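There are two complexes below, and they share subunit A, which is joined by subunit B in the first and by subunit C in the second.
Presenting the complex of A and B:
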């Protein structure tokens, strides 16, 4: 493959889009991971759930993609709250080890995924909406891609305002930083946790809609991203939302640029999941607290 | 009808081995292995490749055990020191990675099509189907019995006591002067070898292997068997396999007589998921509790 023929700008754009979807998918997982101290494996199913929620919305009210995104956000957020209240809250109340919470999340994820299979069937679906494609200079974009990048930029900005300027956001950061100290200061952990599950799952739902719009809607749509999402979480050091956003874009860009390498080596592009896995292993072995975390000595 | 019963028994024994192998890792040593299907897969592929090259099945079985033990050893030496939740994530991801590699590299084992026409362990001519099943059943029960007795000796020995101590408090065990790293890698290697043996049997029994047989849902099925039966009890592992396979076969039979509005495969996994949460919530020790050690 000739290096000169590669459209680097296009790959950069693709990386940004992948990164945006990853950021939406990973943020909720990192929030619940840092607050409840276990990797919620059923988080992947929230993406699929969001994608199907948007699908139903588009079936009922056609051609209104914004409404579909909102529906996906709210419904998946509610699913997140429900999951917390039904499964994870009773478990943490019983004081089970984080190991058991992980196993329970695995079972719960299985339940969610196969319920979706049962309701919508095995065939991949597509949204009944047409995303226009056009050229800007040397790169080809679709209206969906512009929407993805704009939405995630707005969400990053809103999230920043929320975390830094509002009292609830500050309480949230305090909780993930030092739970006992925050609770002594009178922060209501339960209220914050409900909000965290709502926002986290809701964002994953939006991520699922974007991913589904970019590819197709299948029940394993979230599961396919799982390796990359875990790589992001661990690269970002779990606790800090800002480093999660940064590492989402890093992984997104690396995966897309690795396609060049893979095509030069004549390998399948499915291997980009393995690239994410290698990053995951290297980070765990060399910098287990994440790329951006400074360890106080 | 006899064929159906024999087939069911074979699958129960097969999953009992897998469930037992998780029991030594998770139930006794406390290692979170979410990549069980990986070692199952390695055993199946290695054995299939060996027997397709014209060697006897039992050589294939030996190779499968050794090879999956080797991979388990390498993985645990390099990774077992990390935090347990990270280890769970790594094993889960590694399973998917190996599957992607096997699916895309045609030269290893046929890519997505997999390997077909794997010779059976009993290449006798004019064999009736029932006799074939009976021989297979004897073979798998032999393998199961071997591992069962092996684990029974291990867990009732001072060695087993150290494994349990690691599960309860690793730091404390270290302060008692035990090299916990060594014990954990050994337990993981034993578990991997057992899963490899199960995979080897599977490949010769059904006659083909493909990557679709070893999705991470397979791992989850093994986990639920282990948890329902009782992770820290070797009889429990078998009870769990019996229970879950019973549900699976039961829904299949039920489908022939009553029309249920739900696909049996989906139903199986939905039930599995719900049971997993319920058991972790109300009965994390499973149906059979951990026994006291038999000291002779």
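Presenting the complex of A and C:
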């Protein structure tokens, strides 16, 4: 295997695609994590839900992928709110510890996943839409890949504006920083929480559509990504949306480059998880609060 | 005090209820036990069968068992072996190696069988082959194809299905015929994929420029495919699982690899690949061709099996029913030839007898590894007629005649 012959630009592009999907998937999880102080395991199922929502949309109105993405965003966002109101709000009102919430989310996730299995069956589905592939210079791209990367970049920009410029965005950051102080200042925590669940789940829904378009639609679509998503959240530090974006792309790139290494060693690409874990362990040892988190003394 | 007593009674009552439920379940389980007793007259000859009768492969396994029962029935209906009737003792292995060891121990140590039909999967056969070999018990698997089984050199292990080693010979001969000098193998990282990859390396290692073993759970394979593109090979050999394989093919088209010719193993001749539009287009445009054991439907041997099966079970035979039938029939005939219920004698008879046995699935002559010698492979190619994708046969291969391609 000649290293020089490998098209590294293309691998970089792959890393961007993977990273974009990871960013969409991880952001909502980190937002709810930082506000409610528990990892919502059922977040993985929001990705699968979004993928199936888009599938139904495409079955009804054919060839309108933008509409399907919007449908996935809104329906999954609503599912997020519903999940909060039915499962997590009543539990946190009773003052349970984060451990209980985590276990509840695990069970709730299984419920969601197997509900999807029941409705759509175990056979993987695909979107009946043809994404054109073409060459740009030395790189091969498809319209879907461009869409994935552009959508993510636009969403990153919008998120930045939202967090920095709008009042709700500022309130959100305040709440995530210091809940009691924020509430004393008159921030309506409930309202913010509903919004956070909507945005977080909705973005995961879009991530699910992209992943499904790139691969296939199956109920375990989100669950398959969970190890990487948790790696991103630990790498980025839970409370900082900006570092989540950065670490999503870092993990995406590392995973794709590690595949080259594994193939050269004639090992199965199954071991790519090991490489991600090694990086994770090193980071936990050296920077336990995340790569970009400054600890203020 | 009183309330505590009441509490105690409650607990005892609950315990009793569970106890009774437990006994009922246990009793039901005994009723369900998979021992099939055939009419007994004078003596009986036991044949053990190991199959997944429950669990994920349960539906297939239970039908395969019918194949064994049919063989026993045909012999028993015509008077058995010298008036001794065949008794099939089936054990459920759930297709798990640890269960297979338990089942083998039970069959050999408690039931005292000298012949076992099964198990169905290669992992199970590998798990018990040394155990049965040491105890001189003949084992005939109906569906384990891993090449590794023959390498262990266990004299008592046979199989009526072709080893993957044979298939790699067929594939290698296509590669030579086509004159491909630089090959990339792209296989799923499990016994099946790695077995085929290593088999090819043994035969035409000098032509293999890169081997990729992919993780079926990973979900996207763009980077693996870039590596393939960077080699610019004459052809790609694929051994994929359907689920993940559909993604590989779809992304291969996305990456623009359709100009490189492709080859595939047995599992690739599956219409499920056509469910993804892009995957189907890639298969067509890259001219995927491959091998699969040709199922000799329509031969006299198969027709006899098919008619009898339908008459007795009132349904169509399932996957590997015919192979299970052949394995059992061979075992019964070998016991008759050996005229002794003794593992060594039965093995000797089986080695001799197999040369003259042509069953439902063809000629079953064994080589010194216990693998069948004569396997006919179909060479298939994908074509699209009236917008529908299908597999067409374009040639055949066997070890005697080699590669024969139909005139195009």
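Please note the rule applied: the second predicted complex is superposed on the first by the 297 of 297 C-alpha atoms of A that agree within 3 Å, B and C clash if a C-alpha of one lies under 4 Å from a C-alpha of the other, contacts with A are read in each partner's own complex, and residues count from 1 in each chain.
One rule holds for everything that comes next: a residue touches a chain if its C-beta (ideal position, glycine included) is under 8 Å from a C-beta of that chain, and two chains touch if they have at least 3 such contacts.
Please read all numbers here as calculations on a predicted model, not as lab measurements.
Placing subunit B and subunit C on a common subunit A by superposition gives a clash between them. With both structures placed on the common chain, the touch criterion links A:282 to neither subunit B nor subunit C. After overlaying the two complexes on the shared chain, residue contacts for A:215 are found with subunit C alone; subunit B is out of touch.
In the superposition on chain A, A:181 contacts neither subunit B nor subunit C.
By the touch criterion stated above, A:158 is placed in contact with neither subunit B nor subunit C.
Judged by the touch definition given at the top, the superposed model places A:104 against subunit B, while subunit C stays out of reach. In the superposition on chain A, A:268 contacts both subunit B and subunit C. When both complexes are overlaid on chain A, the residue A:61 reaches neither subunit B nor subunit C. The single stretch of subunit C with clashing C-alpha atoms against subunit B, selected from 27-35, 135-143 or 369-377, is 27-35.
Applying the stated touch rule to the two superposed structures, the overlap between the subunit B and subunit C interfaces on subunit A comprises residues 267-268, 270.
Of all the residues in subunit C, the ones that touch subunit A in their complex are 189, 209-215, 217-220, 222-224, 226-227, 229-231, 243, 246-247, 250-251, 253-256, 275-278.
Considering their complex, residues 1-2, 5-7, 10-11, 14, 17-18, 124, 126, 128, 130-131, 133, 135, 140, 142, 145, 211, 214-216, 218, 221, 224-225, 256, 259-260, 263, 266-270, 272 of subunit A touch subunit C. Residues 38-39, 41, 87, 90-91, 94, 96, 98-100, 102-104, 106-115, 117-118, 226-227, 230, 234, 267-268, 270-271, 273-274, 277, 280-281, 284-285, 288 of subunit A are the ones that touch subunit B when the two sit in their complex.
Across the complex, subunit A is touched by residues 30, 32, 34, 78-79, 82-86, 88-90, 92-94, 96-97, 100-101, 103-104, 217, 220, 223-224, 227, 262-263, 266-267, 269-270, 272-277, 280-281, 284 of subunit B.
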